[in-house]
Structures are given as C-alpha cells and as structure tokens.
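Each of the two complexes below includes subunit A, the first together with subunit B, the second together with subunit C.
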Partner chain A sequence: MELLLQTITNATYAASYMALIAVGLVLIFGVMGVINFAHGELYMAGAYSVVYLYTDLKMPFFLAVAAGLIFVGLLGLVMERALFRPLRDNPLGGLIASIGFLLILQTVAVLGFGVRMEHVPPSTQEKIFLTEGVVLTVQRLYVIVATVVLLGGLWLFLRKSKFGWALRACAQDPEAAALQGISLNHTARLAMFIGAALAGVAGALTAPLVSPTPHMGHAVIVTAFIIIIVGGIGSLEGAVIAAVLYAFVHTFVTTFYDGVIANIVGLSLMLAVLVVRPTGLFGAKDRA
Partner chain B sequence: MPERSIRLGQVLAFIALMAGLVLLPHVLSYSQQEVLVFLVINVLVVVSYRLLTLTGEWSLGHVVMVGVGAYASALFTKKLGVPVPLSMLCGAVTAAAVAFVLSFPLFRMKGFYFLIGSFAAGEIIRLIWKRFTDPFGGPKGIKRIPGFPDIEFGALSIDFFEPVNYYYFCVIVVGLALLILYRIERSRIGLTFHAIHWQDKLAESVSVDTFRYRMLAFVIASFFAGLGGALFAHYVGTVNPKLFDVEQMVYVLIWAIVGGTTTFYGPIMGVVALTIINEIVLRSLGVDEMRPMFYGAILILSVLFLPTGLESIASKVKAWFAGSSRDKTATG
Partner chain C sequence: MTTSDDSKFAFPKMDRREFLSTTAAMTVVAGVSMPQLAFGADKVVKIGFLAPLTGDVAAWGKPGYDGCLIWADWVNAAGGVKVGGDAYKVEFVAYDNEYDPAKARAGATKLIKEDGVKFVMMLGGDTWPGVEKIAAKEGMLFSTLLPSDLTPETKTLLAPCEVHPIYNVTGVEWMAEQFPDLKKAVICAQDDALGKPSVATYLAAFEAAGIDVVDDPLFFDPATTDFAPVMTKLLASKPDILCLDTCYADYVHPLCEQAFQQGFKGKIISCTMDFYQKVIEKTSQEFMEGVIFQFPDFDDPALNDAKVNFQKPNEFYAEYAKRYGESEWGAVSWEYASIMDLWADGASKAGSVEPGDVLEAMKAGGKGKHAFGTADWWGTELFGIDNALVGDWPVVVIEGGKAKIKGFKSIPAWWAKHSDLMVKHFKALGQMYNQR
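And then the complex of A and B:
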C-alpha cells in the first residue's frame, strides 16, 4: 500500500513536467503546423540555464528558473524568425530545419559545459510525509505547483484574453484569422515563445532532479511524441490527460519491472493508438 | 552523329568512373581507406532510403533497418554458424521480413503520422536490443563478429581484413545493388511508386493497390539497408544499439536532403560531398566536437536555400494535411 501510494506520488510528479513539455509542443504545432523536433533540446537549454546561473554563478534558484524561462522563450523566438517563418508553406521543411537546430543546440551545450553529466545541488532538502512512509520532496512539489499554476494561467490566457482568442483563431484557420486583421507573424511569435518557455521552465525546474547532459533531449522528445500522439496531436487538453496517463503507466511499469520495458510499453501504446485511432484518444478532427 | 558521340561520352565517363573507383584507395592513407569503406556502405544506405521516399513517405526508422541487417547477420554467423557471405544475405532478408511485418501497422498512417510511427517502431526495436542481453548483448551489443573469410585462389590470397580488399568487395556488392535499385526505379514498379507519391487517390481509382506498393518499397528499401548493415557488421566486428540511433538517422536524412532526392544520383552526391568535407575539413581543423553543429547548419541552410530536394515534397505535405483527416475516417 505504501509502495502504491509512493508510486502514485512519483507519477504525479512525472505527469507534471511531461505535461509542461507536451503542451508547449502541441501549442507550437497547433498555431504553426510544425512539429518542433528540437523541443527536447529546448528543455535541455532550460536545464543548463539553471546549471549555469544557479550552480556556477550561485544565483537564487527561482531567479535562475525565471531567467531560464525567458532565455528559452527567446530561443523560441529565434527559431520562429529564422526557421519556421521562411518555411511556413513547408511543414516538413520546418521539421527538418528544427532537427538542424537541435544539433546546433546540443553542440553549444557540449562546447560550453562538456559531455559529462552535471550535478545540480537541490535548492531545498525539505521533505513532506504525505502519510506514513510516503515521501514527496519539496523540490518535486515545486514542479507540481509550477505546472498547475502555469497551465492554469495558460488556459485562462487562451480562453479569456484577446491574444488567446487570436491564437486560437489562427490555430483553427490561419487565412480567416488574417482576414480579420490578426497578424499571423505576431501570433506565431507568441505561440513559439510560450511553447518554448514551457519546455524551458520544465527543464529548469527538474534540473536538480535529473542530472542534465547535453543529450538529455532525446528521451524527452520521445516521451513528448508519445504524449501528443496519444492525446491527439492538436489538443491541449488531450496532451494534459495523455501526460497523466502516460506518466502513470510509465512510472508503474518502471517500479514493478524496469525502465527500458516501460519505454517499450509506452512506444507500443503510441503505435497502438496510431493504428486504432490516428486522431489520438482526445483529438479533434482538425488541428487544435 | 550526335547520338553516337553521347554514347561514346557515356562509355568514357563510365570507364573513368571505374578507373577512379579502382585507383582511389591507393592514393589514400590507411585511415582514409577505412572511411572509404564506410562511405561505400553509406551510399547503399542513402540510396535505398531514397527508394522509400519515392512513394512520398519519409521514414525515421531506416537506420534501425540497417541495424536489423547487421544484428541478424552477426547472429546468424555467431549462433548458427552460417558462413559469412550467406549470413549477409540472411541479414538483408531478415531486415526485409521485419519491414514486411511493420508495414501492417505503419502504412495505416501517412505523412507526419508515418514519420513518427516509423520513429516509434525503430525505437522499440532498438530498446529490445538494449534490454534483451540474450541474444542481442544488451547496451554493449555483439562483439567479435567473424570477418569475411579470406579467399585462397591458388597463389593469390585475399585478406578481407585489409580495408582496400574489403573496399573492392563492397564496391562490387553495392554496385550491383545500385544497379538493381536503378532498374526497379525505371521499371513499371518504380513508375507506380511515383504515381502513389503524386496522386495516390487517382492511382487507387485505377486499381493500384497503394498499400501493397508502399509495402513493397519499404521491404525493398529495408532489404538493401539490411545488406548495408551486414557489410558494416562483418567489417567492424561489433554492433551495438548506439550505432543505429536517431542521430545516425539524422545524418542519413541530411545526406539525402542536401543531395536532393529528386534524382537517383542526388543522395550519392550528398553523402560523398559531406563525407569529404567531414573528413578533410573538419578533421584537419581538429574540431570533431563541432561536427553536429556543422551538420545542423548545413541542414538548415539547405532546407532554407536549396529546396530542390524539398520542393517536390512541399506540395505533397499540404496534400497530407488536407488528406489526413479524410484518411483518418477511412482507416480509423
């Protein structure tokens, strides 16, 4: 029973950061129609922001996380301007260009920090005992709280604000949105900034928990693909639900078998969804 | 007589090419000869990849198929004692068989979905190699794979451990494979692949079974990819899951795209040009760590400014998007 509750706690933590990453990826795809293959490397860039600012320069942890969020958001803007805007009519080209960008980001991390694993000391040692024998470290709690706050904020932003309406309008029908006087470039920038920043903040917050390496993005992008496919490629709500589902399956299989089997199960789940229901479990008919 | 002179020119060009291929290893250093062997194998990998792209589908699992050939060929010799030349063929056949099985789930998808689906299928295979130590050897892979046996021919004995000799062997095998691939493309089958790429609904309406032809392209491409893997395995003597990961796939993608996939020789040019740049420029500058960045920049620049390889896809991708929702209702 303790093991079960502990595993549920761990899965909740995993679901949180996976949801942050996957929602960013879906947002970018929804508005721009491009699969951002470099999304895992944006997560890595967020983690390395914390390595540099918090571990090396001894800045306060949350300041480093905020800086990481903004830095990765700006990286997103660079990608939008340099890659996705010129390739707007060529989504496969955008995907391939993002693979090129991924290689560049990886190399920058290797040159700047070396290929070795970085160790980020935890910003707090505190632990919460949920019940007898079930532990949640405060470091993990930060991730869960940040996810709820950020995704809740994003949801309100998309539903209530004018920018949010414009963003959703572009996702539904870019041409019609442009005819209504919505700037496609502007909304693309906004989506790219938010999407990238979400990946960055996920990386920044989990940096003390995962030991960053320049090649950590690979596992992340595989996970993110599984989630967005299972959740339906254009659906934000679907991505959150699929992240929870996947995190629970993955954590339970990891606990009771091992990590590699868990990855195989996850990928098979995704293949099964692709075969049976290519629109995803919660997917709308069209994108976003 | 212009026709005759073109023929003559072609013959001369062919002879020059052959002479070049024969003489090439003798002007190179030992380590460059080894690179040359890999280059010849990579030519086969990238050309077989192009066969699949003819049908309009871009796979991210092709390098894993190379790995299937390599693992299978290694296991056939090590566990079952199959002689090496035969086991290479067995490896290629195994890759084709795996592709055959995978086409049932994969070709229910198209476009992006196929891309990601093939990526997932490849990762599953790779994780199986990694997880199941018996017979795949786990993360360390399979070591001490028997090399190609020496040939004793009277006084003449050929040691295939020497890169020059193995190079000649690879050139012959790959040359034959390219010839077959070229004939396939020019045949009725190849034309059907093109038809499926550009007008799959129309092709279906004139009773072309698009699923079968996509499967055929995938199986043939995987067969030759597996053959390339087998050539690789018995030369290097060791295979492991890391050799066939998505990073390698990215390189194959870069070779194909930089060279351009609209012509048969485009990907060959891509792999040759980038290997030369890689070996001569990057190695002499001593900046091996910068290699991925360099490839990334080249990939981005060629997508942005050299759309020859990609322009044909652009319109197709739009059709994918327009068509994908219809297909979903049809298949799901």
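And then the complex of A and C:
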C-alpha cells in the first residue's frame, strides 16, 4: 500500500510538469499551426533563469521563477516576430526555423553556463508525510500547486475573457476571426507568450529537482510530443488528460517493472491511440 | 622599397650592424641558457584525446582533458619526453565524440590521418565499437578507461589506468569488513555499456561478501529525468545498502537526492561520486557521511605513499583546483594524465614514439607502473587478452564532507579467490568478451 501511494504521489508530480509543457506546446500549435521544436529549449531556458537568478545572484526562489516565466514568455514573443510571423504561410518553414532556434538556445546556454549540469539547491528541504512512508517534498508540491493554478487560470482565461475567445476563434478559423476584426498578429503574440511562459515556468520550478543541462530539452520534447499526440493535437483538455495518463503509466511501469520498458509502453500507448483513434483522444477539431 | 613612412618601424635607433650583432648575441644566449626548451621545441609528438567533452558523459571526458593540459605543461616545461636522445614536446589534439560511436569513428579517422597522432586516449564504452575497426586497420595504439572494451581481436587497445568495473570489488570487500551487519543490497544502473559490466561486478562482489541482492538489478533508460519512481522501487524492499553502480554523475546526483528525500537511512556505495560537494549541498552532510566510492581527491595525504607512481599528486590537485576550481575535480581528472605517464615511460624505454614500439615497451615484463603501484598486465580470463593493468585500488569514503582514502585493496587478491563468481555474473549479463 505504501509503495502504491508513493507511486501515485510520484506520478502526480510527473503529470504536473508534463502537463505544463504539453499545454504550452498545444496552445502554440492550436493558434499558430506551428510545431515548435524549440519548446524543450524554452523549458531549458526557464531552468537556466533560475540557475542564474536564484543560484548565482541569490534572488528569492519564487522571484526567480516569476522572472523566468516572463523571460521565456518574451523569448516566445521574439520567436513569433522573428521566425513564425514571416513564415506564417509555410508551416514546414516554421518547424525548421524552430529547430534552428533550438540550436541557438542550446549554444547560448553552453556559452553562458558551460556543458556541465548545473546544481540548483532546493529552496526548501521540507517534506510532507502523506501517510507513514509516503513522502511528498515541498519542492515537488510547488510544481503541483503551480500547475493547478496556472492551468486553471488558463482555462478561465480562454473560456471567460475576450482575449481568450479571440485565441479560440483564431484557432478554429483564422480567416473568419480576422473578418470579425480580431488581429491575427496580436493573438499569435499572446499564444506564443503564454505557451512559451508555461514551458519556462515548468523549467524554472523543476530546476532544483533535475540538475539543468543545455541539452535537457531533448527528453522533454519527445515526451511532450507523445502526450499531445495521445491527447489529440490542438486539444488543451486532451493534453492535460494525456499528460496524466502518460505520467501514471510511465511511473507505474517504472516502479513495478522496469524503466526501459516504461518508455516502450509509453510509445506503445501512443501507437495504440493512433491506430484506434487517429485524431487522438480528444481529436483536433476542438482546438484551443 | 622602403618609404619614409615605413622607416619609422625599422629600428630607428639601431643601425644594421648593431641590429645583426645584437640579434646574434641574443640567439646564442638563448641557446646556451635554455637548452632544453630550445631542444624540446624541435620535436613534437601529438596525442589524440577522443572522449566526450560535451553531453551527459562529459564528466568523464572534459575533466580528464583538463588534467592532461596540466600534465603537458609540466612535462613540456621540464624539457619534454626523452625518447632515444631526442626530447619531444607533447601536444594534445582533442576531439569531442559526445559519447557517440559515429562521432568517435570520425574523430579517430581525423586524429590518425589528418593530425598524425601517435597515441589516442578514449573513455571507451559505447564509443569503442565505432573506433574498433579503424584501430585494428591502422595499428594505432589506443587506451580506454573501460577494460570491458578489450577483446583479443584488438591487440593495440590497452586499459592501463582504470580496471573498470573490476576495482568496484574493493569497495564492497572493504564495506563488508567494516559493516558486517549490512546484508541486504539493491542496485541500479543506466542500461548501457558502462552500467551492465559494473552491475555484473557488484553482483559478484556482493555474493563473495555474503550480501544478498534482494531485488533484480534495476536498469533505467539513460533518458530518465525523474528518478523518484526509480528510487521508490529501489527502497521498496527496505535495503541496508543502496548501490548506484557506475551511474553517470547526472544520475548519481538525483538518485542521491531522491534517496535523501525518500528517507533512506542505510549505506550508499557507488563507483563514482563526482562533484560530491554539490550532492552534499542538495542533501546534507549527515546523509552523505560514510558514502563509499572508488575515486580519491588527489590532495589526500595517503597518495604520498612511496608505492604510488603518480607524480606529485597533491601538487597536481592544487594546480587543478587553481585552474578550474576545486569543485570541478572529478573521477577522471587524473586518469588520462596517469595514462600519459605510462605512455611516456613506454616511449622512453622504446626509444620511439611509434605505436607498435611503445606498446611493446609498455607491456614488457608483464608489469607496469600503475598510478597506485606496480601492477600486472592481466585480463585473459575476462577479456580474452592481458591488456588491462591491474593492481591495488583505493577505497574512498566521505567523512566530514570530504573524500578520504580508507585504504588500498588488491584486485588480484580478490580475483584469486572469487574469479568464478565474476565470470558467472559476466556471462549471465552477456558481458564476456565473446558475448558482446
């Protein structure tokens, strides 16, 4: 029982940060139609923001996380303006440009911080004993709480605000949205800022838990793609549910069987969903 | 033709006769007062450094290259390597293989055919298969830190420093002597060419010491980023000993953190504990107290023992810390440099820097001056060839936040008693030279 509860706790944490990353990726694709291969590097940039501000400059942890969120959001704006807007009619061009940007970000990280992993001391070493032998560290709890708050806020923003409606309208039919007076440039900027900021905050919050490296985005982007394919490309709800599903399957197989097999099972899950339901669990019609 | 403008750069206060006489005098003075430098600069021998300098495994390449640069500076400042009446300045040519076999092959080709190196040092492991054919074809002398790369087919590959993973038996043997009550162990490793032979070695060492491994070894994917599930599984059987095998530093650190966070109270044993000060920062000094591993800091006074062949270990460590920072010291910081000691000794004995001559001289008499004492060329039973230099190896323990050598233990002595166990576990995991 103890093992089961600890595994559920571990899976909840994994689902949280994966959901943050995957939702950002889906939002960018849903609104702009671009597959952002540099999304893992935005996650890395968030982590290095904390390395610099919290570890090196000794700024308070949450201030560093907030700065990381804004910094990576701004990086998203740069990407939108410099890469994706000029290539708006060329989705393949956007993808290739994002790969180029990925390499630039990795190189900047190497030049600025070196190739070695960075060590970010935890902001707290407090633990919560959920029951006897079942531990959740407060550092991990931060990630879970931040995910619930941020994704809940995003859901309300998309459903209840004028800007959110504009984003959804652009995702469903950009031309019709433009005819209604919605600025495509403005919505693309907004989507890119939010999507990038979500990846950045995931990296910033998990930096003390993962030892950042310039290449840390690689493993994350592979997992994020599996999640958005399983959830249905373009579906925010699908991304969240698929993140939970993937994290639980992966964590349980790792704990009760083998870490290598867990990766195979994760990929098999994606293949099974593609065979049974090619549009993913929540399809692609209900973008953003 | 010299214009009036040009003339102002042409020694305006010195006529041609004075200039020539002064230059000639300076040349003579330089030649007389610095004969070794002038002589050593005449000949250069290039040594290839083909290891991961970036990526996940960089911790076992880059610090070694940094150590080699110190070695080269010291040797060159002393006049170079004396070979058959000549003095050779040593120049390292590095190639970052990123721990990728294809890049290792490209690097080996470049180093041999374009750079003209006479010896290539590698980390080995997953990158060795990429190089094996070109090494055999060119007859180039290579070294690896991982004797599990050795096969009878490649006679020019040596493991002259590390007998990874065989020396891990010394840590287990010492632990069993000091803590006889610890009887239940678990073990994990990344699923690759470094992890598997090391698991086989630890399984043999635990069995020889009467320690039960209470669960199957846990192999995790090298792409793992969240180690909480891995640690949850490991701790589920309430072990006394948590063995981290030969996990890369990028895995050892989060594994230790997870063990700390999930409340592990037993003994940690690991092949390496690179940058352990950082682990202490992320856990606690109390938690890391007593962790056993195999790689000393070279400021350890125990290394001043007369049997240790590594030149000025404490000074080497001080120079390394000065150049790169104390916290940058890692398992391999001294290893490639110690291989260079052996190579230089071999080249001097051979009177040649040609790979075949140096190889023959290095292996002459079946013994060599290993960093930790005189050792034997060994390995036929396990690797099919006696190209691993094996002798004593230190057991290191963290005490008061600092790594300290607790003693040197003999690998050949362990092997004489338990070789059958090692062969059994190597076979079970498909790690014998004729199974790989």
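Note that in this section the second predicted complex is superposed on the first by the 283 of 288 C-alpha atoms of A that agree within 3 Å, B and C clash if a C-alpha of one lies under 4 Å from a C-alpha of the other, contacts with A are read in each partner's own complex, and residues count from 1 in each chain.
Here, a contact is a pair of C-beta atoms (placed from the backbone, for glycine too) under 8 Å apart; a residue touches a chain by one contact, two chains touch by 3 or more.
As the structure is a prediction and not an experimental result, all values here were calculated from the model.
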Contacts of A:145 with subunit B and subunit C, given as first, second, both or neither: neither
Contacts of A:110 with subunit B and subunit C, given as first, second, both or neither: both
Contacts of A:78 with subunit B and subunit C, given as first, second, both or neither: neither
Contacts of A:130 with subunit B and subunit C, given as first, second, both or neither: neither
Which of subunit B and subunit C A:279 touches, first, second, both or neither: first
First, second, both or neither for A:260, with subunit B first and subunit C second: both
Which of subunit B and subunit C A:35 touches, first, second, both or neither: first
Interface residues of subunit A shared between complexes with subunit B and subunit C: 110, 218, 222, 258, 260, 263
Subunit B - residues contacting subunit A, complex: 58, 105, 108-109, 112-113, 115-117, 119-121, 123-124, 127-128, 130-131, 245-246, 250, 253, 257, 289-293, 295-300, 303-304, 307, 310, 313-314, 317-318, 321, 324-325, 327-328, 331-332
Interface residues, subunit A side, partner subunit C - complex: 3, 6-7, 10-11, 13-14, 110, 115-117, 119, 121-122, 125, 127, 133, 135, 137, 140, 208-211, 213, 215-216, 218-220, 222, 250-251, 254-256, 258-260, 262-263
Subunit A residues within the subunit B interface of the complex: 33, 35, 82-83, 86-87, 89-93, 95-97, 99-104, 106-108, 110-111, 218, 222, 225-226, 229, 233, 258, 260-261, 263-264, 267-268, 270-271, 274-279, 285-286
Touch list for subunit C against partner subunit A, complex: 53-56, 58-59, 62, 191, 218-221, 223-226, 228-230, 232-233, 236, 249-250, 253-254, 257, 261-263, 275, 278, 281-282, 284
